[in-house]
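Below you'll find the structure, written out as structure tokens, and then a few comments.
Order of writing sets the chain letters: A, B, C, D, E and F. Residues in each chain are counted from 1.
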Amino acid sequence: MAKVVTNTERTPAEICEGLGELGVATVHEAQGRTGLLAPRLRPIYEGAKIGGNALTCEVAPGDNWMIHVALEQARPGDILVVSPTSPCEDGYFGDLLAASAKARGIRGLVIDAGVRDVATLRSMAFPVWSKAISAQGTVKETLGNVQVPIVCAGAHIRPGDVIIADDDGVCIVPRVTAAKVLEAGRKREAMEEEKRALYAAGKLSLDVNDMRERLQRKGLVYE
Amino acid sequence: MAKVVTNTERTPAEICEGLGELGVATVHEAQGRTGLLAPRLRPIYEGAKIGGNALTCEVAPGDNWMIHVALEQARPGDILVVSPTSPCEDGYFGDLLAASAKARGIRGLVIDAGVRDVATLRSMAFPVWSKAISAQGTVKETLGNVQVPIVCAGAHIRPGDVIIADDDGVCIVPRVTAAKVLEAGRKREAMEEEKRALYAAGKLSLDVNDMRERLQRKGLVYE
Amino acid sequence: MAKVVTNTERTPAEICEGLGELGVATVHEAQGRTGLLAPRLRPIYEGAKIGGNALTCEVAPGDNWMIHVALEQARPGDILVVSPTSPCEDGYFGDLLAASAKARGIRGLVIDAGVRDVATLRSMAFPVWSKAISAQGTVKETLGNVQVPIVCAGAHIRPGDVIIADDDGVCIVPRVTAAKVLEAGRKREAMEEEKRALYAAGKLSLDVNDMRERLQRKGLVYE
Amino acid sequence: MAKVVTNTERTPAEICEGLGELGVATVHEAQGRTGLLAPRLRPIYEGAKIGGNALTCEVAPGDNWMIHVALEQARPGDILVVSPTSPCEDGYFGDLLAASAKARGIRGLVIDAGVRDVATLRSMAFPVWSKAISAQGTVKETLGNVQVPIVCAGAHIRPGDVIIADDDGVCIVPRVTAAKVLEAGRKREAMEEEKRALYAAGKLSLDVNDMRERLQRKGLVYE
Amino acid sequence: MAKVVTNTERTPAEICEGLGELGVATVHEAQGRTGLLAPRLRPIYEGAKIGGNALTCEVAPGDNWMIHVALEQARPGDILVVSPTSPCEDGYFGDLLAASAKARGIRGLVIDAGVRDVATLRSMAFPVWSKAISAQGTVKETLGNVQVPIVCAGAHIRPGDVIIADDDGVCIVPRVTAAKVLEAGRKREAMEEEKRALYAAGKLSLDVNDMRERLQRKGLVYE
Amino acid sequence: MAKVVTNTERTPAEICEGLGELGVATVHEAQGRTGLLAPRLRPIYEGAKIGGNALTCEVAPGDNWMIHVALEQARPGDILVVSPTSPCEDGYFGDLLAASAKARGIRGLVIDAGVRDVATLRSMAFPVWSKAISAQGTVKETLGNVQVPIVCAGAHIRPGDVIIADDDGVCIVPRVTAAKVLEAGRKREAMEEEKRALYAAGKLSLDVNDMRERLQRKGLVYE
């Protein structure tokens, strides 16, 4: 039943990187406020901002065996996405696996569980978004699946979907809509630039966005 | 039913700033260990330390419309305090609203919900104490109240009460007792300075505070 | 019933420091994946890495009196370990107690509760691993025990056991096995060094650790 | 600083009982979706449904002394409302206090903390809404306040406000609006009765409430 | 962007009912330990045990409008599955909607949020598995999707997949494998029946399942 | 490293049963408010009340193999106590294991993890105190320890210590003090009986326990 799907399709690098530069908040809005992973996933250091192809990996609780299997499937630019089959905070991933992941071209790790050796991971500049930091070791006994669709932190992710991650969290963009979302995100960014200038100059969003009439119609009263 | 109360009274700036300098732990003690907001509110960066007038804002879950309304009511030195009517972690506030808030003289944000664009907020040095960091977008559909008494993170807050916030969390000082609390806080600070010197010199608090007899009376045994 | 046990045995300093240098993840593995405290204990700043003798202290919820008592029992190199008798997030420990602890030679604090004055603790470089940061003050009314065996964050700790703590969390090594664990940890570290070099050079852990045959035998399928 | 306010005003019994009969969901709606206490408060047995005057009591964490003080202030028909000054799950209240509370005419207990002896409380038919069930004992060392305004489970409650509680949770109705809310609640109940009949007969709420046009205007598409 | 997909395929009733009778634990095992929804979903009363087609409904936080829309799409034997786009505990569903759902032939509700009027729902014998019980009302302002694939409580669910629910929780069986899983579940049930008899007669599972040799090989020691 | 300790000492049955009859709240008080397991352990049905010898079992996350091993060590009157080496909510124990446990004379299960088949467990009247109800299956791959000292839900438990459990939760009484605690508990029960009668007759605990003077001395003010 456990399987590794090889040679899955990827989203082109320039789309992944374009989405990564836009950042999580903008891309999440540009695709209609969808795709966000649960905010329990937090970066282990500030300032990382990446985009790449999802390399999906399903693991048993307290068992990191399949991460070793997944690394062989990596292509440069991938982001490893790990989800346990039941909630777990153990430290599935540390400096040894990070050394291997980096050597295979993996840009970062998204894991709905724990990681360890975080001081070393920070000094390696290997970014991780995780649910916990925990030194708890894991075993290598139970199979799982690599490069199959998974649910990670509440989001459905297929191999080759685009993962973007920054200080705001993690978002997934489906491969089939990624190009369109990139375009929409760039438009949104431009529009936000204009608004930001108006707000910084003291204009109120009530006026910039013509909200007053609708507020009144809904019944807002000023005393 | 939803309303905005305009022209509410403020606490004088020098009192707000004096309390802000004392910091949350000292002020909380100086007013009899009251007024602390729940510790789930954490700063998005270290080292911010502010005091200001509460500009209160009640919002619906997943809906940030009233924050736009509240910004118009801001006066320089205010601190925006936002509480949802039911628990929510969505990202109510990001860089655009921060640009507007800063332009209106708002010193920072206290929110029992989520914020986003935190990398930008950090680079703007706009301090936020929040329950979560989340890119999840919000809608503008449901009215709420601005500048009315609210409960935020377990504390009852009226417009114009003093909010102080630092790395230890957030505390509220009622407007009517603020001057007295400032005085008491300064006395406490002086007293702590003396004790700190004694402790740093190796004196035990058991002796500095004469605790030994009372410990013995309560029945403490040394083996 | 409440008692303070004086003159408990300690683990030699060179063992404590050796274990501290190895770090939590390595030591936890070296003793068979035991001894880890719950990952809810997080450091108040990054980069601290210590090893020392457990100075145990059991406190009532919202009551820090016994910490004052415990400080008298400190010897240079001790790490104060505080556990409440029921779950509590209050701020049991702040800059005054830290000044005293530092003067008594205590290397750091591990507490399954809250601390405050964290900006000052950071500037003092006094490391703390805690469950919360909270300014909530505590009383001095109820006795507890000092230097008796306690359960802290899910781990059983006796006075004089070795506590090690770093960015990965906190681990306890029993005094009676500490020397042996140190030796095992150093061997593990050397072995990991070799593997790290292989992984960084692009070798797969599947090959380095001969995992392929066992994966196949368990039934893993490649598509 | 700690005080007991005696002879506070009550809301008339018929209003309390009328609101209690309407139940939490109806009353909460009738007063504009306000007043609900956090849903972490759960009943210790099913089927209790009460309304009464809030007898407020603020306690220290792990300390139930003020509950003893509060019982003297009880009048028949009161509901005891207890809130700790910092989060606590200890068992503040058990069968002895319940025997006393019942003898004083108290209708039930709402507590943002723990209770114990729940098997006995169930057999006494003394209803409790609590955050936890815990046998953990409490001390009698620290003063608090009785019959002052408090925040309990996120709601601001004054002595003599109406508390209603049933299987859905707990709600507070301010004394000053209680009569009006009772009236509004009864109207709402009548209106719901009509709708229930239509729905039970198979009518869709889309039609009963004329929602189709507004859904279409907002852009809902049927495929 | 918001849409309602009509006339989606269903899984035949006898398969749904067969799976429902087997129950969650057996079916979850029979399909390789997959498909379980997070255990935070609990039944509002004991003893309900159902199987039916998923009628999926995605809602905004604090907004139950789309549930009204979903009811029109119901066919007898469906189970309504509701998931908010960000975490929410509000009371989305009460006795009125239950009256309508029942009239439309819906067998029960699975919701990763809150419900209310639970006393009435219990007396109606309308089963619900929810994350919370809360009287907090919701608005009707924001569109969502009906009968599209959703993630609910960590599981990916498509319209017409089979939902089974009992006192152990909730499980989803994909429509395309449902017949095969039913067969496998019945075999498993028969096999368990045999084992149960052996265990009840005092036989040890160590012997019934021949575990001793493998335990010894792994290194288990008896002292 | 993994081991099973056989033929551990037990506490005499009459002491276990005597403590079980007194119940958790009384016994916890009688031994100085110690020994309580965390209140996250809840009974799967109301009304069970047991006392027996701890049969301890340490398991890996998501792996119930050692429970099978532990059952062989059972003696009539034992209570099985299971603790995972890292937090886990999976369903470690169901109706098959319960059939075996019952046949071996085990009185109940205390587990800091999940259980399943709860409808059957209820109908068998096999009592369980657990942290979760979850159908999630577990594997049989990793060894652990049986009949060694463990920490379960925050309490340190040795084989042959007395476990008592009822609707209030779970408590451990060390074997060496069990007889003395039983005696103290019976005295306490008698004393409580007297007080209960006074309270039920309307006497205030303020008077029965002479609290008024101490309250006044601490500074309580009546307004």
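Criterion: a residue touches a chain if its C-beta (ideal position, glycine included) is under 8 Å from a C-beta of that chain, and two chains touch if they have at least 3 such contacts.
Note that the coordinates shown come from a computational prediction; the quantities given were computed from them, not determined experimentally.
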Of B-C and A-E, pair with higher C-beta contact tally: B-C
Between chain D and chain C, distance of the C-alpha-averaged centres to the nearest whole Å: 42
Distance between chain centroids, defined by C-alpha means - chain A, chain B (Å): 31
Centroid distance [mean C-alpha coordinates] between chain D and chain B, Å: 28
Contacts with two or more other chains, residues of chain E listed in rising order: 1, 33, 36, 85-87, 89, 134, 136
Chain contact graph, described as a line, ring, star, complete graph or other shape: other
Complex contacts: residues of chain E adjacent to chain F: 23-25, 28-29, 33, 36, 39, 42, 46-47, 49, 166-169, 171, 192, 195-196, 199-206, 209, 211, 215, 218-223
List of chain F residues in touch with chain C within their complex: 1, 32-34, 36, 38, 85-87, 149, 151, 154-156
Chain B residues touching chain E - in the complex, by the definition given at the top: 60-63, 85-90, 134, 136, 139, 141-142
Chain D partner contacts - residues on chain E that touch it in the complex: 1-6, 65, 68-69, 71-72, 89, 91, 94-97, 99-100, 102-104, 114, 116-119, 122, 132-137, 140, 143
